[in-house]
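First chain written, first letter: the chains are A, B, C and D, and each begins at residue 1.
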Amino acid sequence: MANNSVKDRISSHYKAIRAFTEEIVRPLEIEDFIIQATADVSPPKWHMAHTTWFFERFILKEFKTDYTEFNPHFDYLFNSYYETIGPFHPRHKRGVLTRPTVEEVHTYRKYIDENIFELLEYVDDKTLKEINGLLEIGLQHEQQHQELLLTDIKYNFSQNPLTPVYAASKETPQENTPSLFKEFQGGLVEIGHHGEGFSFDNECPRHKVWLEPYKLATRSVTNGEFLAFMEDGGYEEPKYWLSDGWAAVKKFGWNSPLYWRKKKKEWTQFTLSGEKLLNLDEPVCHVSFYEADAYARWAGKRLPTEQEWEHAAEGIIPKGNFAENHYLHPVSTVLEESGPLFKMYGDVWEWTRSSYSPYPGSKPLEGALGEYNAKFMCNQVVLRGGSCATPSSHIRATYRNFFQPEKRWQFSGIRLAEDWS
Amino acid sequence: MANNSVKDRISSHYKAIRAFTEEIVRPLEIEDFIIQATADVSPPKWHMAHTTWFFERFILKEFKTDYTEFNPHFDYLFNSYYETIGPFHPRHKRGVLTRPTVEEVHTYRKYIDENIFELLEYVDDKTLKEINGLLEIGLQHEQQHQELLLTDIKYNFSQNPLTPVYAASKETPQENTPSLFKEFQGGLVEIGHHGEGFSFDNECPRHKVWLEPYKLATRSVTNGEFLAFMEDGGYEEPKYWLSDGWAAVKKFGWNSPLYWRKKKKEWTQFTLSGEKLLNLDEPVCHVSFYEADAYARWAGKRLPTEQEWEHAAEGIIPKGNFAENHYLHPVSTVLEESGPLFKMYGDVWEWTRSSYSPYPGSKPLEGALGEYNAKFMCNQVVLRGGSCATPSSHIRATYRNFFQPEKRWQFSGIRLAEDWS
Amino acid sequence: MANNSVKDRISSHYKAIRAFTEEIVRPLEIEDFIIQATADVSPPKWHMAHTTWFFERFILKEFKTDYTEFNPHFDYLFNSYYETIGPFHPRHKRGVLTRPTVEEVHTYRKYIDENIFELLEYVDDKTLKEINGLLEIGLQHEQQHQELLLTDIKYNFSQNPLTPVYAASKETPQENTPSLFKEFQGGLVEIGHHGEGFSFDNECPRHKVWLEPYKLATRSVTNGEFLAFMEDGGYEEPKYWLSDGWAAVKKFGWNSPLYWRKKKKEWTQFTLSGEKLLNLDEPVCHVSFYEADAYARWAGKRLPTEQEWEHAAEGIIPKGNFAENHYLHPVSTVLEESGPLFKMYGDVWEWTRSSYSPYPGSKPLEGALGEYNAKFMCNQVVLRGGSCATPSSHIRATYRNFFQPEKRWQFSGIRLAEDWS
Amino acid sequence: MANNSVKDRISSHYKAIRAFTEEIVRPLEIEDFIIQATADVSPPKWHMAHTTWFFERFILKEFKTDYTEFNPHFDYLFNSYYETIGPFHPRHKRGVLTRPTVEEVHTYRKYIDENIFELLEYVDDKTLKEINGLLEIGLQHEQQHQELLLTDIKYNFSQNPLTPVYAASKETPQENTPSLFKEFQGGLVEIGHHGEGFSFDNECPRHKVWLEPYKLATRSVTNGEFLAFMEDGGYEEPKYWLSDGWAAVKKFGWNSPLYWRKKKKEWTQFTLSGEKLLNLDEPVCHVSFYEADAYARWAGKRLPTEQEWEHAAEGIIPKGNFAENHYLHPVSTVLEESGPLFKMYGDVWEWTRSSYSPYPGSKPLEGALGEYNAKFMCNQVVLRGGSCATPSSHIRATYRNFFQPEKRWQFSGIRLAEDWS
């Protein structure tokens, strides 16, 4: 009885998250599901099938007696990077697959959902607990791909001279709060996940770190502030840049954030609602770690470490501009927030100065899921706080996102820090 | 009145050829229209729009009073390579365009067709003649893209581990005629287009060339014969290969024609009807010039020059295995042909040893259409005779096809020649 | 008077270090000075000129009245990477410069030395202090290039099928101590440079860090131990590798450390004394961070953090197998050392698991010298302890070396660590 | 007796040509012998050893009883591209070999010379004839490398900001003859080598070709004329360019011939005598086929075919500005020449519009020497007439030089042609 209500809760949680994926792709034409405009992004169809395969591979094939696999090729086609499971379709070639069709992928999703529900029906309490742990990973995983769906659709659309619109834009404010710095004493503090809620293996274990006194900006850097950096020659002056960052400026020809375009005298920005005039009071986004770091050096500040960020965020409830708000773009500081730290969550992922590394005493998950996070702990930089494309239930103070320092297609922005001495 | 019957003939010719394009894409799913699995191929949607744009740009915009262009971006999106017309979308990025949708492209095709018919209605005789010349180029151009549609769909499908089927296969014979050599005296002969029918500017002017006596194989090389080359170490022995050919073998890891795959002990071949066991009596196809040339050297023969080929083909009526036959694959020598030269037309394009060069006294067309052929006269090799994917009305003895020597995705095969002395 | 003895001490220090550079290049033929067999290495001639330019640019041009520059092109030719000084010759093209000749570079070195001595003669005490600080940086810099001279000569020679010998080999032991683990309690400890001696800006400031209890291997991993990893399929099994590491294995075709070669059934190793049979008891060297990390995972251990390494090394006097010993290759644990930690210094640089990052509160040097270290703090991994190619006076517990994780041409090896809990 | 005088003649011919190689490298420093500033060029040391190896491999090892090879690695190191002989050092890595030293290469040359003389001493008449044929190929081969030595030294030096001087410049005239066109009737003519003198296999057999009436420019295009093309936007206007040529313009950023540089308002040109002001009356050189072809189209002319060139050159004695003249640069038309065709030989190689293809009935040499010419008959364009870096005894009307259409480091220029109708 109690068990049934647990199963019901699990089922509705599963349904709700799976349904949000369908909601995200609803505005798309069939054609939009197929392409991969650069190797970093994946076709929407692939995201839909891959997240589904995750449940099939790690739950149904392991736990459901007599489970009949949907299509024997899908292990090859929709495995993303789990080397220990077997060979997989090369990442940069996801855009050559016209089949299965979009309709077949919808059928696949339904087939897996039904099998998951059937499985939930009959499992005993002990297995249910185990399955629930895996379901939770699968759903958190699907939420990560919900964010990727939005950022990848944006990138794909941006490459089309017709500048397609994914969703109509909403009104957003045109002013902002001033940028101040809040002081933190630091000392011997604790970092990392604790308590009951879900976390990934890379957030554990909770452990001590020593922090020197520091200050953190009360809000993130705006388009207007970043424009001042540009107009002061920020992109032409090597002294602001890390060596690899300066090499990236020259290699990619960067002279503004991704999606900015100068039309005569005005800057525009490509958004999920099409091309718009740049709002100077919005948080700057789609900057690389290199640009964030160079901006900070130009401003006489620095980026925070991930430990400083997490310590400052502790106790703040994750409210803010998330995927469900349907802005799908960062907005300037909204008035109802209390401060003094505005929008640590939502709006833009905030680059830290921390390389993505294992926590002391950390243990990756057993088996193939051990590849989920641990094997990427090299050449990546940590971002914190979630963005306007992150599902609201997917973020927390200890959450560690990570990307290579030159990547710009995520909603990534800048919050400054400085030593306090 | 006479004029009207001319207009009717032009109209039905136009309708018939445009309709064949629609027929070719009928088996496709919407998803199949979008992708470009390698830079050499174009998405089916792009072929459909580009061929249509050709009529819009070179006829409607030039001749139709008050013509309203369908979409101002299409000049950028669907210009292929006409530098003198203006900037165009990069060739290797044709697969990132999900919009216009397939339906919009169909609408575009109808819009242009209707405008063409309207234009034909009212033009005077003199303009009609000029338009008719351009229409003929436009329709020949569309026929070239009909062949590319088939070869590009084949390539796209071949990259999918699900090996999709474009069309069901037809029964084909399992035996062949013996390979013999027919002798030609040569001497001072004439080469190039003459007479009334359509020709491209690269086939003109007709001119004298001196040919030494030579022999030409009565049919093209079969899969079985090519397999003997392979089994004799053809792909491992540099002495058979041109220097650039040997570099290509190593760079691309070639060890068989494109689309062949060894499964346990048997060779299969990917076709527009899916993957099939290799038929040893079919003409070998999807070989590069380098492979054709190496095979010939291994066999103690050589490839013919394009002049030898044309001289031999003169007077033979272009019958054979063309796109309308719906084999969509070369077939072994069919019995009804009289010989002694079998299937000079259709089946497979035959690599010559001739670089693609201007004929003496040649004059490219005026204006942007001068870019159609002339600017490619470097680093390309001439092929002759048409293939199973060529529309039957698109081929003639003087027709010069050309590709870079390493290309393999066309239905390209081998007919041997040798000196006769 | 006191001043004169200070000046004398400075002078002899300068002479001794400059002379060691000359000693290193003595065995070379003129031809050997010119080449750059890969972009990572520099021609010996370039190292000799660049280290000299450093004194000219940062001392003579700044402090010596009426100093006449040796050659106005040398600012362009021999600036390595100081963007704020001006444009410089591209790094990967250092091997195209046959002029200045080797003899001219020797003349350049003498010219600069004489000017330095002249300058020292007449400066007042205050300026002397400032100059001495810069001289010390210049000499530490020259010592870094002394190590690079040796590793670059080794790489250049290794690319020649004639396997040239740089110096005759010395006898080395064929046995080793067992590998044990020493325990460290950790806690709140201090890291970073303090006290009087020289340090680079990247070693400062000394600061607190919290360390969990850990164990550190008493010696580094041997060739024999690494061979066991190889024979157990270490290079074929993705589960041991970081994602980028596995990509590197496939990209570069790694199946052993750099300079190893299998000849029939025996492994050989290219050394500065030519090609030799592999000594299983020597420390493994010329492995990348990826290989070090994969080995540790295979062994069920991990690499130490740089803080763990430094904390363990504190108080150990830097004795060991350095460049002056003329082994020019790591040797198995020598008996005279007391333990329990053997050869923390010398022999091989030890990869840590720490990304190269700024210390809390760190301040790069002012001006162009601020580019010396700080701008490389991204995509690099810290190594500790010095190698058999490091000058003995160039190393200390707080010294931070750093390279990209895929680099293998330095004498880089592996010391294991594990959690102690 | 007669035999002895034949042997003497062979010997002195051999000595003279070998000595000219030594003369060419005399101005070099040891450092200059080692580098390869781009994959197209080879280090001077390599040229000296490779030409020597040619005699060792094809004559001494085949004919000299008990011949002791100089160094068993040299077959690997100094084989250029003869695949049928065995594996060889990669072409683009010739610049990583500091050993053998330059002195050792001189010793190698002497050793081979002495062995050749010994061999000549005792061979019988029949073998002498065979050896003499191979010696002649070897000496012609060495002459080709004499030209390459000069062009490669020039390229290497041009990459050094110090702009080294190879040889002092000589006075050259500052005016030129007007450019006119001489008419040729064409018809059925003969092309290809005949008679007694030496020729390569690619010049044979002599054969008939039909030529339409044509005109050939009386001199080659000058710097001043080419500058007019540049100033008329030649490098910015795609309509003048072949498709691959236009791609090359964009890929390489071409906006002038190789070695030209604009300093403030004046154009300079790097030469073997250092950097000099551009002489507008000199023939333009260091242009690619693409630039030659684009210039011709801009000028309303075309390039000649190789048959037209050869037919026009027939009967003209090869006098002119060759390597022995020590100008080492093309010079404006000198007065003593009779005309009407000026300097068909020497000065600059003249690009034709002909792809490098086998002549009808041609037979490559047997064995490895069959690779000398035949395997390059793809993707290359024929040049005719020799240059200021060609040894005077190395050129003739039938001589076919060939390079890829984008190459510019040879002394390659432009002679225009046009149809005469």
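Rule of thumb we're sticking to: a contact is a pair of C-beta atoms (placed from the backbone, for glycine too) under 8 Å apart; a residue touches a chain by one contact, two chains touch by 3 or more.
In UniProt terms, the chains line up like this: A, B, C, D = Ergothioneine biosynthesis protein EgtB.
These numbers were taken from a predicted model, which means no experiment stands behind them.
> Using the touch definition from the top, how many steps at minimum link chain B to chain C?
Steps on the shortest route: 2.
> Which one of the chains is farthest from chain A, going by Cα centres?
Following the centroid criterion, the farthest chain would be D.
> Need the CA-centroid distance for the pair chain A / chain C, whole Å please.
38
> Give, as an integer number of Å, the spacing between the C-alpha centres of chain B and chain A.
Spacing between the chain centres: roughly 47 Å.
> Could you give the separation in Å between the centres of chain A and chain D, each centre being the mean of its C-alpha atoms?
60
> Return the residues of chain D touching two or more other chains; collapse runs of consecutive numbers into ranges.
As it turns out, chain D has no residue touching two or more other chains.
> For this entry, which pairs of chains touch?
Those chain pairs satisfying the definition are A-B, A-C, B-D, C-D.
> Help me check something: in the complex, which residues belonging to chain A touch chain B?
Those in contact with chain B are residues 29-35, 37, 45, 73, 76-77, 89, 93, 95-102, 156-157, 159-162, 164.
> Along chain B, where are the residues that touch chain D in the complex?
Per the touch definition, chain B meets chain D at residues 81, 83-84, 188, 207-212, 238-239, 241-246, 289-290, 293, 353-355, 357-358, 360-361, 370-371, 375-379, 381, 405, 419, 421.
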